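Note that chain A is present in both complexes that follow, paired respectively with chain B and with chain C.
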Partner chain A sequence: MSKLLSRKVLVPTGLIVAGLVVLNLLPIPRVLLPEIRIAAEPVFELFGFPITNSLLAAWLTMIVLIVGSWAITRKMSLVPGRWQGFLELIIESFYGLVENAAGAKWARKFFPIVMTIFLFVIVSNWMGLTPLFGSWGVLHPAEHEGGHPVQWLNDSHTIGLWMPTPTGEAEAASHEKAGEGYILVPMLRAATTDLNITLGLAFVSVLLTQYFGVRALGPGYFGKFIAVGRIVKAFTRKGLGCGGRIAAFFMGIIDLFIGVVESISEIGKIVSFSFRLFGNIFAGEVLLVVMAFLIPYLVSLPFYGLEIFVGLVQALVFMMLTVAFFVVAISHHGEEEH
Partner chain B sequence: MDPTIVKSLAAAIAIALGSLGPGLGLGMIGSKAMEALGRNPEASGQIFVPLILSLAFTEAIGIYALVVALIIKFV
Partner chain C sequence: MEALGINLGLLVSQIVNFTLLALLLYVVAYKPILRMLDERSARIKKGLEDAELASRRAAEMEQEFERQMAEARRQGQEIIAQATQMSEQTRQEILAKAREEARAQIQKAREEIERDRDQAMAELRQQVAELALLISEKVIGQTLDEASHRRLIAEFLEQTEEMQ
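Let's turn to the complex of A and B:
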């Protein structure tokens, strides 16, 4: 108890409380709470297809990855320079990780795929955290009440800024100008905060799991899902008595049921892959926005650090889970030895 | 009650109850991993990947609750 009341604890706590009180008393502008939407917003149309802001960010991520890796590996040398050394460090350590899990033979086949997934996910996660990334876009008049007043920067009312209002006046202003509020549709939004993109990644990962399974085990891979092997054996195997055949037949029925469960879990993988990534990253961005709105300016900084860490962990988890599922798919599930 | 109030309440209850179980599970996984590390510090490399995988599976359940709460609140 005495430790809790020591100066080391009391002084920072007092500073924080005093800071909160002063922040709320001073007439400094509040941070505005943007409209939070789960679906990505279309920003323009290309040949009749709506282009959403998350799709734009996905393209930007690809450009960053392609141009970045081209620029770094353009002048390869035996003694790596700064950037080449950095890239080699990343690639080599991850190759070691994959090799640990999958073995030397299969690591060569898995690595390009899972590393691409990792790089795409981490670059788009961190891109969404870049300052000024999602804070500019197209202003639309709010349909229902809500939205924020806008300060126009030119006469034709095309370029505008949020009009921050001092504390206390914010609520009054938003009620007064219910019809005049505008909402911002950001031009860019981190690719992984769109469920469609994470679903696509998950789909690729699960389909490739089937591909590697077939490649390693041949058509016998699908015996995992349609497990009729033991029922057939119950009738064809020689030297079994009548009771033995019945017992083997019932074991076969259990196998059949397990096969159905395996097929369902394959679909469950897609759901959990996509929701995990989308949920984590989207919730992180919502958390940052809400924190900045509740207690302005400084309090969201620790959460910002947390979100950088979460972005790394989620990319790592997506990659390692993919490797783990690949490894399960290529390994034999010893049914012959009984 | 007002539908918006019910919506907020439903989202709060969904995430509150939904994060209970995963929270317990994550704590258990973490404590066991620390225990294993304490017993055998050299095995940290082998513990790391299964640890991350089980954390991810457990956390996914909490994320389902989060997604449901977000859908209730914002859609």
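Let's turn to the complex of A and C:
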């Protein structure tokens, strides 16, 4: 208790509280709480195909990654510069990681996929934290309550600032009811906060798991899911007594059941992959928006640090789980040994 | 599904995007970087091997140098020893020759002296005989015939010589 009341704690706390009070008293525009929607919003249509803000962000992520890598590897030298060294460090350490898990032979095949997953996820996550995301976009007239007035910056009302209600809540409410409120559809939204994108990555991961399984084990890979081997053996194997056959048959039934469980778990992987990433990053964005809405300055700073960390961890988790599933798929499962 | 915003078109587009990204990154990042890493590690390995080879060669050369130095030193010593021996021999030879020559000359000189002395003695004897003849002629006044006289003197001289 005495430690909590010491000067070291009290002085900074007092300063922060005083700062927050002053900030709230100053006539700084409040941060508006945007409408939080789970689905990514279409910004415009291209040949009838809706282009969502998260898809734009995904394209931006791809462009950043490809152009960045191209710029770095354009002029490679044996004595690396800073950028080349940086990229080499990342690629070398992850390659080592994959090689440790999968062995030298399979690492060459796994690496491009899992590295791309990692890079895409981390760059998306981190770019989503920049002010470029969520802060600008297309203004739509609000269809129901929840819109905010717009201060137009030009006469033709094409560019405007989304403003907090200038005079009292009551008047604002009347404005909104009158349909004068606007909602903002951000032009960019972190790619990983769209389930389509995380689901796409999960599909890639799980489908490639099956692909590598077949590559390594041949069609026998699917014996994991349709486990009829033991039942067939129960009838065909010579030298088994009647009791032995019945025992083997029931073991075979258990195998069949395990096969069904395995199949379900593959589908479960898709769901857990996509929702884990989506949930973490989307929740982080919501947290940051709400924090900024409650207290506009300073307080969201620690949460930004947290989100940077979460973004890294989620990228690593997605990548490492994919590697682990690949490795499980290429390794022999126990059936052949019986 | 609608509430979650899941849309088949967007899903497929993301799978296509990912495939494209993986391919392009493979071309612009993974392949060149992994190749560069391999190249560098090969270069470093080669460098280390070269360094080891060079140091081994240097050690060999130093050994060879040492060996040759020892050989040269040994040969030098040998040559010096040989030269010393040879000079000693030459000195001995020269000395011997000089001694021999000296002895020969001394011998020659001695022989000459002896010959001179013999000659002088012979001459002296002759003169003494003649003198004695003269003196005896004067003293005795008579002359024995010269031949017997000479015989007498010769006998006398021989006696004196024997007495000597």
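Basically, the second predicted complex is superposed on the first by the 313 of 338 C-alpha atoms of A that agree within 3 Å, B and C clash if a C-alpha of one lies under 4 Å from a C-alpha of the other, contacts with A are read in each partner's own complex, and residues count from 1 in each chain.
FYI, contacts are C-beta pairs under 8 Å (C-beta built on N, C-alpha and C of every residue); 3 or more make two chains touch, one makes a residue touch a chain.
Model, not experiment: these values are computed from the prediction.
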Task: Clash or fit, chain B versus chain C on superposed chain A - done: fit
TODO: Check whether A:G200 is in contact with chain B, with chain C, with both or with neither, and answer first, second, both or neither.
DONE: second
Task: Partner chain in contact with A:E88 - chain B first, chain C second, else both or neither - done: second
TODO: Could you tell me the angle at the CA centre of chain A between the CA centres of chain B and chain C, given to the nearest 10 degrees?
DONE: 100
Task: First (chain B), second (chain C), both or neither touched by A:Y182 - done: neither
Open item on the list: Is A:F282 touching anything from chain B or chain C once the two structures are fitted on A? First, second, both or neither.
Closed with: first
- [ ] Would you check which partner chain A:M62 touches, where first means chain B only, second means chain C only, and both and neither mean what they say?
- [x] second
- [ ] State whether A:I36 touches chain B only (first), chain C only (second), both chains, or neither.
- [x] first
Open item on the list: By the touch definition at the top of the document, which applies to A:A101: first (chain B), second (chain C), both, or neither?
Closed with: first
Open item on the list: Quick check for you: in the superposed arrangement, does A:F212 touch first (chain B), second (chain C), both or neither?
Closed with: neither
- [ ] Could you tell me if A:L321 is touching chain B, chain C, both of them or neither one (first, second, both, neither)?
- [x] first
Task: Broader residue contact with chain A after superposition on the shared chain, chain B or chain C - done: C
Task: CA minimum distance (chain B, chain C), superposed complexes, angstrom - done: 6
- [ ] Go through chain A and flag every residue that touches chain B in one model and chain C in the other.
- [x] 37-38
Task: Contacting residues of chain B [partner chain A, same complex] - done: 45, 49, 52-53, 55-57, 59-60, 63-64, 66-67, 70-71, 74-75
Open item on the list: Please output the residues of chain A touching chain B within their complex, sorted ascending.
Closed with: 36-38, 97, 100-101, 272, 275-276, 278-280, 282-283, 286, 313, 316-317, 320-321, 324
Open item on the list: Touching residues of chain A toward chain C in the complex: what are they?
Closed with: 37-40, 49-50, 52, 55, 58-59, 62, 65-66, 69-70, 72-73, 76, 78, 80, 87-88, 91-92, 95, 111-113, 115-117, 119-120, 194-197, 199-201, 203-204
Open item on the list: Show me the residue ranges of chain C that touch chain A in the complex, using the header's touch definition.
Closed with: 2-7, 9-15, 17-22, 24-26, 28-30, 32-34, 36-37, 39-40, 43
